[in-house]
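First chain A sits with chain B, and in the next complex the same chain sits with chain C.
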Partner chain A sequence: MSAERVVTLEELDFLATGAWILGTGGGGDPYHGLLALKALYAEGARVPLIQADTLADDAMVGVISQMGAPVVNLERTADPAMTMKPVVMMERHFNRRFDALMLSEIGGGNSIQPFLAAAKLGRPVVDADTMGRAFPSVFHTSFAVGDLQSYPYALADIRDNEVMVMRCENWLWNERIARKILVEWGSRAFSCKAPRTGREVKDWGIHGSVTQAIEIGRALHTARLRHEDPIAALLTQQNGRALFRGKVIDVERRTTAGHLRGVCQLEGLDDNRGEHYSLEFQNEFLVGRHDGAIEVTTPDLICVLDSVSGEAVGTERLRYGQRVTVIALPSPKLFLTPKGLAHTAPVAFGYDFDFVSAFPAAGI
Partner chain B sequence: MSKIGIDVGGTNTDALVLDGTTVLAAVKTATTADVTGGIATALRLLLAEPNVDRAAIEAVIIGTTHFTNAVVSRQGLKPVTAVRVCLPASAAIVPYMDWPDDLRGVVRAGHHLLGGGHEYDGQPIAPFDAEGMARVAKQIADSGVEAVAISAIFSPLNPSCEEDAAAILRQHAPHLDVTLSHKLGRLGQLERENVTILNSSLMALARHTTDAFATALKESGIEAPLYLTQNDGTVMRQEYAATFPVYSFSSGPTNSMRGAAFLSHINDAIVVDVGGTTTDVGCLRHGFPNEANNIVRIGGVRTNFRMPDVLSIGLGGGSIVDMATGTVGPKSVGFRIGQEARIFGGNVLTATDIAVAAGLVEIGDKSRVADLDPAFVRRTVETMYGMVADAVDRMKLDAKPTPLIAVGGGAFLIPDTLPGISQVVKVPHSGVANAVGAAIAQVSGEVDRIFRDRTRDEAIAEARAEAIEQAVRSGADPATIVVVDVEDLPLAYLAGNTLRTRVRVVGDIKATSDITTKSR
Partner chain C sequence: MSAERVVTLEELDFLATGAWILGTGGGGDPYHGLLALKALYAEGARVPLIQADTLADDAMVGVISQMGAPVVNLERTADPAMTMKPVVMMERHFNRRFDALMLSEIGGGNSIQPFLAAAKLGRPVVDADTMGRAFPSVFHTSFAVGDLQSYPYALADIRDNEVMVMRCENWLWNERIARKILVEWGSRAFSCKAPRTGREVKDWGIHGSVTQAIEIGRALHTARLRHEDPIAALLTQQNGRALFRGKVIDVERRTTAGHLRGVCQLEGLDDNRGEHYSLEFQNEFLVGRHDGAIEVTTPDLICVLDSVSGEAVGTERLRYGQRVTVIALPSPKLFLTPKGLAHTAPVAFGYDFDFVSAFPAAGI
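On to the complex of A and B.
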């Protein structure tokens, strides 16, 4: 992979498709962000993608995301002018230009947000994020695992409201304060997290995740063109494992503390006929049980795909009768350390059992 | 009470008179280019039947693909100016952005974005920009455009911005075709706006078409109210259909499935419709098709309509059988089956030839398939049965044994027993299932809203009461109203107990009010 290249118009679709899959059920549909980004590309914008290890140690990198409730996305659509607001705030605060922007979250809609700001401001995007997927909060990021400083961070509203959070006790407080503010703004805020040095991104970023999403999208697209099984193509490319093929027979949902929790029950089809699978989720899929026995948990990526198209099925869109395939993709290595697991394993979501990997041979 | 159901398809116009549960008469005529010619002919033929009493007809219900076809073929559409009340939110993705170029070229007559709209919690995004709207209204009046689509953020929760904008527009330009997006319901601003634009674009055609339907009715001497069927298997009155033509989109498959249910007296079943090229499998719950949960594109435009969830596989009466491999379909001789199938004198081996050879059905010249190896015939029949069984299993909603209703010209390809199927019901006269579906269509009411700070039960009760009120307003008989669908979805990351709740109710068309209307 060369140090810098331009993300092409064709790759934007692949990025959105792959990012929706890496959302592991959450993260929101990237469709609106994709439309807004394509509009910028139509005006001539092109976003360079740079590899993390080419960053200077003292480079300043902006970490971009949109925070809030996915339902708001149904009505309030993506807007690059808003996404760039907190970036400008942060640059004003430090009186320094960001050398590059990076993703907080490759999973779902936040995969596109940094590209919107980068296209507007003419900055490159680093081929890295802090989750390798979607997770509910900043506590589950690789930067939190690395105990990096979580402040200052900038939040902006669509109206003329901007908040700079100067200090916070830790990553948990970082999230709590942001949530309080964004609820006032219609459950939507545009954020620029604490700036990172090039060294920090090299040491604690999840590298290559933008390329990974693009390659997943490309694999599905190519397989469909050839009338081959898109899911099989994805699994081969990503060293993933198919866990279960079936149909949704029940979905139970409830919200607790602002998160969508629930359980989805599947009944087996094809090779899994007569078997049963249950998926527990908290915005994202966290635990998979095959005939009652835990087969996979976070931080392995548990993805539910439409069995025919290979497209991701989000936890909010699970519905009776859907025919889906459950797959697992390997977790980023960084989350498999004891410290990483403390932030991303089932215990980090209130469960009393340990990480179960769908890839036991890989070892922990 | 007697009702006339009419299905206006691309090729044929089917019509029948239904008295209670009895089909009194059924006719099939060719669909005419003006649509109404075929209807007039069908009505004339029906009324000529000795057992049909013109005065006993209480309602005429038409199912038509006319408005869908207008969008797909880009014909009969009016240019529309889109007004969106949203700023400072949602400024980047403007109306028409994700439309196919050719359709955009026909329909787009500019757009305006204005300050206003609401948040999910009912707070205003910004004050509604009434002055801006007055300026926009003047511009629209001067532009000569005849149709306008107005949408606002979270208008299904609070429609006031759309209503205010429409009121201002009326002051400056009173005679435009205007659609407000909240009237079309559901959350999903872009998709709702798309539907709103399509609706405004179709209103002139809809007025013309429904007027012509009414004229055809009048000329036939029938004095019953006219209804059109909607995509969810229920009806809307003629005036409503003229205002909301988009609701008729995709009513065809719905009418077919519901007609099948009615003819078989089964409300919960798998419906398998075997045509010439494909087999469509759908699932009926409480007499209504199970709906797909996805974004549906109409003429290339994203909409969030609920459409019946139908699985199509490449198996039909005309499917070509490969002698070497024994595979069936997806290639088909289609409508040329009458010339190309072996039993009809052709040289292509089709699924129908195999069925004749196996003795499943008696049509054509059986001697022309006598040379086939019986073992090959048996294996091929097994292959076809396997294809049907697989499709049926994929569409079933649970493991419980379920009845299967077989319809369509190729229904003989469906075996008498299937795994997970309690009984296979083959319906006579299933060729008119669409028209039957139209004749039996009911009146519905639906609420899809976000409720805050209520228990689940309270939210559902409130939604149900509103839905019932809606149905009664649309002409349902209150005594017959039943709840057919309740769905609730807690929303992630929102403060408090926030629940999106959807309730749908249906009832029979109220006969007495129809009679009152008639006597005047």
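On to the complex of A and C.
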């Protein structure tokens, strides 16, 4: 991978497809963001992608995301001007220009948001994020695992409301404060998290995740062009595992405290005929139960894909009758450490059981 | 009134007594704040009180209050260090020292909060506030009536959480954002509102309200020493009107969205024997009904006093059997203008009827 290159127009589709899969059901559909980014590309914008290890130790990196309940994003299009707002707030606060922007989460629509701001502001994007997937809150990030400072961070809405959280007690309070404001704003806010030094990004970022998403998307698109099974291609490329093939027979879903929570029931098809699968989610899929037994949990990536196209199915898009394949992809290594698991295993979501991996060989 | 004088130790008791009456049931009991301020006076602190008209046009004035549900304040003592926090945040933000501090509301505990910060920081307090009483939100302030800019404002809690609201769409959004954060923090926050210029304070402050509170307290204390009726003394001094004398027979009370809402029922005694009175409140008393007919509403000050001592009874302190006297005091003139009424009449609290004054001669 060269130190800096431009993300091409063709790769934007790959990025959106791959990021939606890495979203593990959450992060929101990247589609609206993709349209907005393509419009900027049509106007001539091109966003450079740089590798984290090329950052100067004292570089200042802006960490960008859109926060909210994915269901709300079904109804609201993406707007680069909104994504920019908290970036500009933060630069004004520090009276310093960000050297680069990076992703808070590669999973779902937040894969695109930093590119929108970068295209408008003429900045590079770092090939890294803080989750390697999507997760419900900042508590589940690599920067929280690293106990980096959680403040200041900037929040803006589509009106003229702008908030800077100057200090917070810890990452949980960071999330609690942001979540309340977000809900009051209609479950959508634009955020620029605590700025990171180049050193911090090098030490604690999840590296290569933009490239990973692009490569996943490329594998799927290529397999489909060749009339090959896109899911098989993805599993081979990413060392993933197919867990279940079936159809959706029930979805329970409720939006609470700015999150989408629920459970999805699947009835087996093909090799899984006569079997049952359930998937519990909070924005993202957290727990998979095969005939009642826990087979996989967070931080493994649990992804639900359309069985034919291989495209991701988000938790807000699940509906009766869909033919889907449940797969698992390996978690970033950082989340498999004891400290990482404290932030991302089922206990971090209120469950009373430990991490169950679909990849026991990885050796927890 | 001289341009600047020091508030004496004796006057602190008067201030607390008078402010609690001007709180119209809300603003929170000043008692904890009074103890904290007396402790600072015991250490030698003395707070200068200055008249608004002595402020330079370009002076920068900090507007201080504690936000929250009064019931919470029954359980939490006052801490000058907490009151200081948002002041320091704001001075850091503007890189400028406040020339003076002023009260957001004279009613209740917020009469004392700016004195705590002023005593710690060595600043004068302006003899003015933005309500002339207590009200539930910043929408009900003279600065909102004046359409002054509502941002930036600073919020801090008793942990290590600090928020700067940099912009807000309008005064209602200012309140909505602050209220959500406040509730998440446990219905108590310390705030420094949008800084005001000396010119703005001169044009839009409610002037003389600190002195008014001290004078009310002095009248009550003096009458009691002389074994005279303290309520009669207060009504004479403030051109108030006694509306009802009775005992509390029922209180409905609930804390919702950081406010204390409810209704209190009174049964008549003495001249009002056989009659009934009800008082609806949202932190403060908003509507008084005499035998079912609306007799008085906000923005008139509706105060409930202990029939013997004349001390205020807060909405969070009402209980069965209390002997109380309901009185009305005239509203600041600003709130009687059409724009003022839009912010403070019953419609501003969700009622569908207009202002009913206990002082019809004032000519609305």
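Operating definition for what follows: the second predicted complex is superposed on the first by the 359 of 364 C-alpha atoms of A that agree within 3 Å, B and C clash if a C-alpha of one lies under 4 Å from a C-alpha of the other, contacts with A are read in each partner's own complex, and residues count from 1 in each chain.
Please note the rule applied: a contact is a pair of C-beta atoms (placed from the backbone, for glycine too) under 8 Å apart; a residue touches a chain by one contact, two chains touch by 3 or more.
As the structure is a prediction and not an experimental result, all values here were calculated from the model.
Of the two partners chain B and chain C, more chain A residues are in touch with B. In the overlay built on the shared chain, the residue A:176 is in contact with chain C alone; chain B does not reach it. In the overlay built on the shared chain, the residue A:254 is in contact with chain B alone; chain C does not reach it.
Of the two partner chains placed by superposition, only chain B is touched by A:317; chain C is not. Legend: residue contacts after superposition of the two complexes on their common chain; A:359 is shown touching neither chain B nor chain C. In the superposition on chain A, A:89 makes contact with chain C only, while chain B stays out of contact range. When the shared chain is aligned, no partner comes close enough to touch A:351: not chain B, not chain C.
Within the superposed three-chain model, A:68 lies in touch with chain B and out of touch with chain C [touch as defined at top].
With both structures placed on the common chain, the touch criterion links A:163 to chain C but leaves chain B unconnected. Once chain A of one complex is fitted onto chain A of the other, the partner contacts of A:41 are absent, as it touches neither chain B nor chain C. Under the contact criterion defined above, the residues of chain A that touch both chain B in one complex and chain C in the other are 159, 183.
Against chain A, in their complex, chain B makes its touches with residues 86, 88-93, 97-98, 119-121, 123, 125-126, 153-154, 187-190, 283, 290, 293, 309, 393-399, 450, 489-495, 497-498, 500. For chain C in complex with chain A, the touching residues are 89, 159-169, 173, 176-177, 180-181, 183-184. On the side of chain A, the complex with chain B involves touching residues 26, 32, 35-36, 39, 68-72, 74-81, 158-159, 179, 183, 186-187, 247, 249, 253-255, 258-260, 267, 269, 283, 316-317, 319-323.
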